[in-house]
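What follows is a pair of complexes built around chain A, which joins chain B in one and chain C in the other.
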Partner chain A sequence: MNREMKIGLLETMLKIRKAELQLAVMFKNGKIPSGAHLYEGEEAIAAGVCANLRTDDQITSTHRGHGHCIAKGMEPRRMMAEVCAKSTGCCSGKGGTMHMFDPSIGVMGTIGIVGGGMPIATGLGLAAKLQGTDRVAVSFFGDGASNNGAFHESLNMASLWKLPVIYVCENNQFATSVSVKRSTPIEDISVRAIGYGMSGVTVDGNKVDETYAAAADAVARARRGDGPTLIECKTYRIRGHFEGDDAIYRSKEEVQAARERDPIEYWKNVLLGDGTISEQDFIDLNEKIEQLIAQAAQFADESSYPTPEDALKLCGGNPSLLVK
Partner chain B sequence: MANVVVMPRSGQTMEEGTIVEWLKKEGDPIQSGEPLVVIMSDKANLEIESDYTGVLKKILAGPDDGDIECLTPIAVIGELDEVINLNALLAEYK
Partner chain C sequence: MADRRIRFVEALREGMRQEMERDASVFVMGEGVGPHGSCFKQTDGFCAQFGEDRCRDTPISEQAIAGAAVGAALAGMRPIADLMWIDFTTLATDQICNQAAKLRYMSDGQVNVPAVFRATTGRLKSNGAQHSGSWYSWYVNIPGLKVVVPSNPYDAKGLIISAIRDNGPVVYLEHKMLLNVKGEVPEESYTIPLGVAEVKKEGSDLTIVATGYEVTDTMKAAAMVEADGISVEVIDPRTLMPYDSDTILESVRKTGRLLVVDEGFRYCGYGSEIISMVVENAMECLKDRPRQFTAMHSTVPFSPPLEEYIMPSPVKIANEIRVVMGKSLEPEVAIR
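Moving on to the complex of A and B:
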């Protein structure tokens, strides 16, 4: 990884973190008409995986999908405006947090249905293969979704047909309120890959160098036609399942311990340690992103809601209708 | 700069909440992220953290006020020596 890429990962993680914390405040203040599931503490997964992707590569995301959109190249202001249901959002405010799409950059949906993105990503992989391209598809999903039938069917089909798909399990320890220890009888979800004759690996999802390296391997395998990979990224969901979830099903000590494994602090210290950046570089970068997100929030806040005339825009699958 | 704390909308279905307990009193310094107030929503008691750093200048509602509509101002956080025109500040919340 060269210097620019290392700093790029830090920048992506900072963008995601600050956008999420800003959205948390906006939620409390009634600016977000839907629920909100935030990605704080899991940034190293979206950042590390998507840094390996080209614009034409495609992803499916989840209800906790703001970070994936940013990492795949969506401008924070278009993401935040969409979450606030404003006409300047990526789906002109009609999708909201759990229906964010932008096919022009390969964001094929922050899909609210648990496990819902996996069959879609499998189909995207099949399309890439049939079209004779070396495009790949990535599906992000959680530990809860790995117990869903769609997970098993998708892995089986993708491995059988050697589809260029990377299944990225964000094991954040909780499916809503249920600990993974109470839902899943194995320690590493990645071992399930063995049952489908495909590659599987578990990495520390709070270390962006690990998520980056695992995804680099998987993307290379997919591009050369050697089939899918299951990557399990172990992390921790710092916030409640949704904003307003007081998460009484776990101890404050457990959350505090997880906070101390902060992925941004980790990567910042790596880059300070190897001389990639100085303390001042970090302060400057942090300030730059702070301003970017503050401006994005203001843009979202000041934008207008869609009008009745907008109702049929983006419907019917005609790409010419996509809002730019 | 003075910031208005509102009865938070802490959940998609929450329309009003009650104040169970203020964890800070007027004049106390507060950091962003520090617990400020306990509220009761339609589902549970929630400890609400401050989004602002400064001094808790004014508490506008308490446990005796019963159900308070979401987004109603409940407190003001500002700087130590800041003089705040409450009427002007709260005008947009009518």
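Moving on to the complex of A and C:
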């Protein structure tokens, strides 16, 4: 990894972190019409994996997908305006926090149904193969989805057909309120890859150099036609399942301990330690991104809502009976 | 070759084959579509002609079959996902109803899902409770899905070609009792627009809207009641969503009476929708209360006398027509 790439990873993680914390504030201030599932503490996964992807590579993501959109190249303001349900959002307010798209940069959908994106990513990989390209597909999902049939059907199919798909399990320890210890009888979800005859690996999801390296291997394997990989990234969901979740199912001490393994602090210290950046470089970068996110928040806040009649565009149904 | 007569399944196959020849992005995937050529030979010969990449056997993983079709469609392919029996589509409903149906809308038109989800539907002698479903009204209820139920070989071919070329997801259902029925089918490629009904028979006393196999039963019933001096107009919607409300309303305005004949169940069923639409839009034209004649609200039984008891038939439909026209005092079954 060269200097530029190392700093790029830090920049992506900072963008995601600051955007999410800003959204948390906007949620408290009533600027978001729904709840929101924030990605704080998991930034090293989206950043490390997507740094290996080209613009034409495609991803599916989850209800906790803001970070993946940014890491894949979406401007924060388009993401934040969508979360705020505005007409300037990436889906003009039709998708919202759980359903974001931008096919021009390969964001083929953050999917609100747990596991739902996995068969779709499998199909994106199938298309890449049928079309004779070396494009790859990445499916981000959680530990919860790994207990859903969609996971097992997808891995089996992708391995059978040697599809160029990377399945990235963000094991953040919780499926909504249920600890992975209460839902999953194995220590490492990556061992499930063995059952499908494919490669599987577990990495520290809070270390962006580890997620980057695992994804680099997997992407190379996919591009050369050697099939899918399951990457389990162990991390911790710092926030509740959604903003406003009282999270009584875990202790404050547990959360505090997780906070001390902050992925951004870790990577900052690596880059300071090896001389890639100076303290001043970090301060400058931090400031630049704070400004970017502040402007994005202002853009989202000041943008207008869609006009009500836009609801019926693209809705399907019987044209002659639609509006009475 | 205008008078060429071929079976429904051959017409369907020919439509798919011609689209696969025309457009390299069209491919078929599903359980047994490969060398075996599908349960009812819908894809017979495709493997030899197009190779196993484009005629792809799959594991029995309905969620992954449907989902991979969604993903491939997002990336520019035109997949035909064969889910074999409509009863098995329950295992794929997240991908059909939550994903395929919604992605275009949620993305504000940035992505399209040009996928066809095919399955057989309806009864076939003693297929039993879990292989005799007529659940198309579930899919009609989902904004973003189109639902096609052809009633004859000509329509089977024209509608599958339209379904494949459509830029959105289409649920295409093949009635098992129609698969071996022969009809006139031109050899050249042609389309039938989705959402356009066909008036199968003109009449003046009563409009019957019938779906799928019930078009066949209803045409027989209409011939039976001619002796009673009853003139029936029969409409086949062909596409259940979007459906051709204009043709149905025009007919009811002429006849003043409506009966819907459907193999699906009545509660929140297709007949309920058609009656509701007609009452909302043309109440003033109705000379009598509209009725529906459906399969009884029962799990489909195995034993032939039981199955026949709950299903519509030409004789039962004819009797229902006489009831509607006031020429018989008793409906065959008062509460269905």
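Everything that follows uses one rule, which is that the second predicted complex is superposed on the first by the 307 of 324 C-alpha atoms of A that agree within 3 Å, B and C clash if a C-alpha of one lies under 4 Å from a C-alpha of the other, contacts with A are read in each partner's own complex, and residues count from 1 in each chain.
The rule we apply is simple: a contact is a pair of C-beta atoms (placed from the backbone, for glycine too) under 8 Å apart; a residue touches a chain by one contact, two chains touch by 3 or more.
In this text, all values refer to a predicted model and were calculated from it rather than measured experimentally.
Novice: Let me test your reading of the model: by the given contact rule, A:198 touches which partner, first (chain B), second (chain C), both or neither?
Specialist: A:198 sits against neither chain B nor chain C.
Novice: On the A-aligned overlay, A:10 touches which partner chain: chain B = first, chain C = second, or both, or neither?
Specialist: Once the two structures are laid over each other on A, A:10 reaches no partner at all.
Novice: In the overlay, answer first, second, both or neither for which of chain B and chain C A:219 touches.
Specialist: In the superposed model, A:219 contacts neither chain B nor chain C.
Novice: Quick one: classify A:51 as touching chain B (first), chain C (second), both or neither.
Specialist: A:51: touches no partner chain.
Novice: With the two structures laid over each other on chain A, which partner does A:34 touch: chain B (first), chain C (second), both, or neither?
Specialist: first
Novice: Does the superposition put A:23 against chain B (first), chain C (second), both, or neither?
Specialist: In the superposition, A:23 contacts neither chain B nor chain C.
Novice: Examine A:246 and indicate which partner it touches, taking first as chain B and second as chain C; both and neither are also allowed.
Specialist: Only chain B; A:246 stays clear of chain C.
Novice: Between chain C and chain B, which one touches more residues of chain A when both complexes sit on the common chain A?
Specialist: If we count touched residues of chain A for both partners, the winner is C.
Novice: Which partner does A:111 contact after superposing on A: first (chain B), second (chain C), both, neither?
Specialist: Second partner only, chain C.
Novice: Overlap of the chain B and chain C footprints on chain A, residue-wise?
Specialist: Of chain A, no residue contacts chain B in one complex and chain C in the other.
Novice: Provide the residue numbers of chain A that touch chain B in the complex, in ascending order.
Specialist: 24-25, 27-30, 34-35, 242-246, 248
Novice: For chain C, which residues count as touching chain A in their complex?
Specialist: 27, 53-54, 58-59, 61, 63-64, 66-77, 79, 94-95, 98-99, 101-111, 143-146, 168, 195, 241-243, 245-246, 277
Novice: Please give the residue numbers of chain B that touch chain A in the complex, ascending.
Specialist: Interface residues on the chain B side: 6, 8-12, 14, 41, 43-48, 51, 70-71.
Novice: For the complex, which residues does chain A have touching chain C?
Specialist: 58, 60, 91-95, 99, 101-104, 108-109, 111, 113, 116, 118-128, 130-131, 137, 149-150, 153-154, 156-157, 160, 313-321
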